[in-house]
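Two complexes, one shared chain (chain A), two partners (chain B, chain C).
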Partner chain A sequence: MRGTDYVLKRVGFAIVTVFVAVTINFVLFRLAPGDAVTNLSRVPHATPQLRHALEVQFGLDKSKWQQYVIYLKQLAHGNLGISYTNQQPVSTNLRDKLINTLPMVTLGTVFAIVFGTFTGVIAAWRRGTKAERATVFSALGFYAMPTQWLGLMLIIIFAGVLPTGGMTNEFLLDPPFWTHVRDLASHIFLPALTLGLVLYGEYTLIVRSAMLETLGEDYILTARAKGLKPRTIVRKHALRNALLPITTLIALSLGYIVAGAILVEIVFSWPGIGSAVNDAVHQRDYPMLQGAFLVLTVSVIFFNLVADLLYFRLDPRITE
Partner chain B sequence: MSESLLQVEDLHVWFDLEDGGELHAVQGVNLSLDPGERLGLVGESGCGKTTTALAIMGLLPPNASVSGRVLLEGVDILAGGEEAIRPHRWVDVAIVFQGAMNAMNPVRTVGQQIVEALELHNRAKGVKARARTAELLEAVGIPAGRATRYPHELSGGMRQRAAIAMALACNPKVLIADEPTTALDVMVQAQILELLDGLCRDFGLALILVTHDLPVVAQLCNRCAVMYAGEIVERGRLEAIYHTPGHPYSRMLFAASPDLAGLGEPVISIPGAPPRLDRRIEGCPFRPRCDSSFEACTVRPRLEPLAADHDAACHLNTKVPA
Partner chain C sequence: MTKKRLLAALPLFLGALTLAIAATGCGGSKSSTSSSSSSGGTFRLGTASGIDSLNPYVAFNQDAYSAFEYTYPILVQYDSNLHYAPFFAKSWHASNDGKTWTFKTQPNAKWTDGKPLTAADAAWTINTDIKYKDGGAANAAGLVNHITKATAPNATTLVVKYDEAPGPTWVLGQFQQFFILPQHIWAQHIGKDGAGLKTFPNNAPVVGSGPFTLVKYQKNQITLFKRNDSYWGTKPKIDEFGLQQYSNDDAMVTALKSGDLDAIETVPATAMKTLRNAGFEVSDVPGLDQTDFIINSNPQKKTHRELLDLKVKEAFDHAINRQKIDEVTFLGAAQPAVSIIPAPAGAGWHNPHLKPVTFDLDLANKLLDQAGFKRGPGGIRVADGQKMSYNVVAPTDVQSIPRTFQILQTDFAKIGVQLKQQALDSSAAFAKMTSPNNTYQGFDLAMWDWTALIDPDFMLSVVTCDQYGGWSDSGYCDKDYDKMYTEQQVAPSEAKRRQIVWAMQAKLYKDRPYLWLANDDSVAAVSSDWADFQNTAQGPFNELNIESLTQVHQK
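Then we have the complex of A and B:
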């Protein structure tokens, strides 16, 4: 059967990739200079005994190989270690941060996909017109803007109208439900818009070029010869084919969004996973970083898998 | 005056080029097609054959400008622009493209694409449309069950058959076949030609066959128009052009074709290439390659009648023997 074989193969491949990523993640942090012990034993008159006690406590007296096996075992149980900074399990920390990041990133991405696809199709369809030039120009502009700069500009423009940082108004104590939602919505608007605009530029350009390529295909000429209206041709013949490369690219870029939100979250002090990575770097919180890296790589691999499966669904020519 | 089914009058096509220039691809073509007639449009690549075919259906790209008239049963179908010609497409004039082309949408099944044409022009809906699709596929020799297959699951010959079935969906009066057998192997070519021959007879189709392949024309057509450098240089009944060509280009074209030249006679090739159409052509466009040009050829010849239903554009025909 065409379906099951392909899906199994792709899922298997994704699992292997996760395993490789986990291993690299482990090795990377063993290669980083300094460890928890050198950091914690910087007290005056630290005795070798203290040092040794700490090494035993963190399991650093064992061989690298044993450490690796322990790491994998703990990972399988969902244990990502304890954060150095707040002594909470890393998994709990990451979960809390992800819950904050996801709505903001999702909102921006959905905005970009909806409008980017729309304007991209228009630009390709109305090739050579003012509408196309204006679309391409603005898309290139947004695509080229550094995310943090665009964020700062939006802060300048909207300061006083909308909140420019944080996720909620800290002074609202125990607000009623709808007040809380309104508060959240006003906070989420600017960071989501920043992310959305940058992605919008990218998606518009991708969709436009995929559409242009498709509109030049022979079967589009056939569709015209059959007497179909341009609108129907775009909808029933061009879009579906143009969606093939678009799906892949969008799914791939979704994987990087979690990582890419770092800049937006820092500019808008959004307490999400991007800010968490930034803080962890500054505080040398290795377990936290390691956990965050794991989440990022797994999300990239996951969306790759989604892209593969979607592509399979959309293109009957793919058999393996 | 015309009881012709399709009449093309003084058709010109220009393409705007990227560099601001202009390519005069079709330079005043006149054609007429009677019901049931089969016309071969022959010539080398770049002579405007396909452009003429696409212009008849109003399918040229946006950078093309067209002048002239295309009369379908006396009505100018080009006059009203895109909106006016759309109802005629596929209903009155359908087209089959080159076998090598991706003429069918790769992500939709063959059946869906035929049903689409039927439903679009209100020929049949739903179950009836699917039944009609099965009939059409059977008519071109494809098992009806293949309707649920995607184009890539069919062989090249099958795909071309499916394209023909799709073209017949709305019982068009005129079928344009643009190099329908190019890129197919010889056996499949023969089958497709035989199929077209039978279908034209059964469906009472008038056929315009665009090709550079003279044996194909000989097998399928009764009339022929030879195109060179964007214009028709000779037209008439096929036998007349074959036996008494009125233009050196036609004569050399036939001599360049091994099957028709007959065994034993050497196959010739015509030196040079057709002129570029983005420049003005002075005199007879074939003059640089012609083996019998003379002084008069510096003036562009016009299509003149040689005999009943046989015209050619060559000064040799009016040359006074010295």
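Then we have the complex of A and C:
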């Protein structure tokens, strides 16, 4: 029963958090100075009628409270609204951008998780050696590196070898499937690598720290005394017990995948959700911002919930 | 996003890293990758701006309007000397009272779906814009100002009636920016009160009648145009061209150098030398963009009213080192600016008698001393008991501002005036400047830029009282100026209009709501494999005419 209570509590907390986030999403963007109508009505030959027409069209002539109620009603029907800037449904805009973002960010994140965990374990196991110093130095270096700077450096280094922008070669009309795959892979490599290298540093440092704590425990000493192979000690005794902080980090990373990576997407002209959010902020496209942040919020909360539930499985002490 | 792309992502998760490394050999291809097999080839143009919508009632970016220039019929266009030239209208004349204009249009023209394009389409578009100018067609309302009705007595005659006699250049200036839409497509999408005009996505392939057909559009990525073989004018020499959008200038320049692009429409000043050295043809022509230092000139201004003093404004003008701004900020790719109508606008609208004031800090100090503003603690002058210390609103999306501001700040300190940069994004900056409630009490000084059109009407309008809360970013409001603005619209001849336009510029030169800083060049670059790619004051992909991309061809 205590386990059921735990699960119900976590799910309830997640639902309340989503609702609070929905409200904050609505209020936050309207607190920022500037408004959508000002931007969109500043075209040559615009007249006062245009400004008024846009206000009526977007419902901005109504009170904030009325706008909030309309927003909630639409949301309850699964309607995220219409983008102010291109007049298309926000859900369609977000879906298109998410589909573009997910492969690139997922690839970078998976690379970071796999490579970072591996180097973190090596650094902890080889403590005090050159291998540890080199790993920690490179991890700190990449972790501290501004993402956009790293991206620009990679563009310079790989100029002429890999494409510097975009998601595919759009001048290829109806290419064969494998040509398209190769084209996509060549475009995805640099942005995914940029993201992966920055995240890799973070994973290495956290895994190393968690492993060092575990490796100092008595049961590791016992395992060594029993003459177990180092690989067995790391895999079966140390890494398993270091999984809690790593699980949290992975859950957080996966939650943020849908946010894209604004800087990486801008540097590499990647048409994903990160650059769409950047555009929407500049254009005060409230429905797009609300929709994007709602998706982000739900994603982060969902993966945190998954982490909470995994904790329940990984660490029985939680329910004690 | 196609199903194909989604499917393609699956193998990425299985062997992406290896595959990507193996695929590195396919980057940087020099040749066009289009599947087109005809001889004209594909011209690949990089842009930092891009097309925001294919719907003329929604679009905002200049690239979108340039795309419409190539896809929709327009009555008149500019020739290379920036004079009006026939386009879809072969000729035109006004009635004796000047209130009726008749255009003879191209015969036997067709839309890209094979339907006939006639003067009736033009009349329908004009009448639709008039009917829904308070709703769905609001962003075209300025283009049909003073028009009461348009008719098409036959397939090649368009008759436009006005409520008062407009000036001839004003009429042609409006129609040069007016896109004629296919009635048989758009009439189905008007919707209630014209609201459908804005929500119709006008997806590719777009039904048009220009030299190119817009066949593919992916927002923030690519727009592809194919030669329209049924076009009624001279056919383009290339088979197709594409506009690829980059959100990072450095990546775009690298793509050009790597052969992934054939040209880029805006070259950062820092890349000009590199590209020239790499063998690219870099075209550097005077442009239409001007950066400015704005002095809040609202006559009702409540604080820091010393900024309304013409002596103070003159002193500030003498403290601007325009030559240094040109050399440091624009690396020589700019000229000192002097008037609201930049000289490259051509067609004789710029007042050539106006000259930039000298950079003379001694004179600036002398003027402020004469005005009675003595230096106080820290060397900062005091006006009406307050330090002459001002926040300068600076939009973050104008890249030249930070460097220019540093130059201004250093020189203004030498005349006892303290400047502090207040960086805001453009939306927040405009809100700050017009606050509260469009009364223009919320700021003292600002920096921004303007991109002029060829016809002077628009630029002259932005300092009228009517533009409070609209285009005005200076709070300037002067009844005499507004009177001249109306007069130039209905001037009976081009010479008379020019006289008024010059007088308006002279007045602004004296009243100084803007201190003009630099008139930056339009810089484009093209691979040496291509010829006749024409750059203009508005860039190579522009809304002036269709010369650039109909003339370009492989060497």
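Everything below uses one rule, namely that the second predicted complex is superposed on the first by the 269 of 320 C-alpha atoms of A that agree within 3 Å, B and C clash if a C-alpha of one lies under 4 Å from a C-alpha of the other, contacts with A are read in each partner's own complex, and residues count from 1 in each chain.
Everything that follows uses one rule, which is that contacts are C-beta pairs under 8 Å (C-beta built on N, C-alpha and C of every residue); 3 or more make two chains touch, one makes a residue touch a chain.
On a predicted model such as this, the values are computed, not experimentally measured, just so you know.
J.: Identify the partner contact of A:284: answer first if only chain B is touched, second if only chain C is, both if each is, neither if none is.
T.: Second partner only, chain C.
J.: Check whether A:173 is in contact with chain B, with chain C, with both or with neither, and answer first, second, both or neither.
T.: It touches chain C, and chain B stays clear.
J.: Scan A:182 for contacts with chain B and chain C and give back first, second, both or neither.
T.: second
J.: On chain A, which partner touches more residues: chain B or chain C?
T.: Answer, by number of touched residues of chain A: C.
J.: What is the contact status of A:130 with respect to chain B (first) and chain C (second): first, second, both, or neither?
T.: Touch partners of A:130: none, neither chain B nor chain C.
J.: Taking the superposition on A as described, I'd like to know which of chain B and chain C A:241 touches: first, second, both or neither.
T.: The first partner, chain B, only.
J.: For A:103, select first, second, both or neither according to whether it touches chain B, chain C, the two together, or no partner.
T.: second
J.: Could you tell me if A:231 is touching chain B, chain C, both of them or neither one (first, second, both, neither)?
T.: After superposing on A, A:231 lies clear of both chain B and chain C.
J.: Can you name the residues of chain C that touch chain A in the complex?
T.: Those residues of chain C that touch chain A are 1, 4-9, 11-13, 16-17, 19-24, 26-28, 32-36, 42, 44, 52-53, 55, 58, 60, 133-136, 138-143, 145, 174, 177, 195, 198-199, 201, 216, 218-222, 224, 242, 244-248, 250-252, 254-255, 257-260, 397, 424-432, 453, 458, 469-471.
J.: Please output the residues of chain A touching chain C within their complex, sorted ascending.
T.: So the residues of chain A in touch with chain C come to 32-35, 38-54, 57, 82, 85-88, 95-96, 99-100, 102-103, 106-107, 110-111, 152, 155-156, 158-174, 177, 180-186, 188-189, 192, 265-269, 271, 275-276, 279, 281-284.
J.: Which positions of chain B touch chain A when the two form their complex?
T.: 57, 59, 62, 86-91, 94-95, 97, 101-108, 116-117, 120-121, 150, 152, 163, 166
J.: What residues on chain A touch chain B, complex-wise?
T.: Interface residues on the chain A side: 127-128, 217-219, 221-229, 236-237, 240-241, 244, 314-317.
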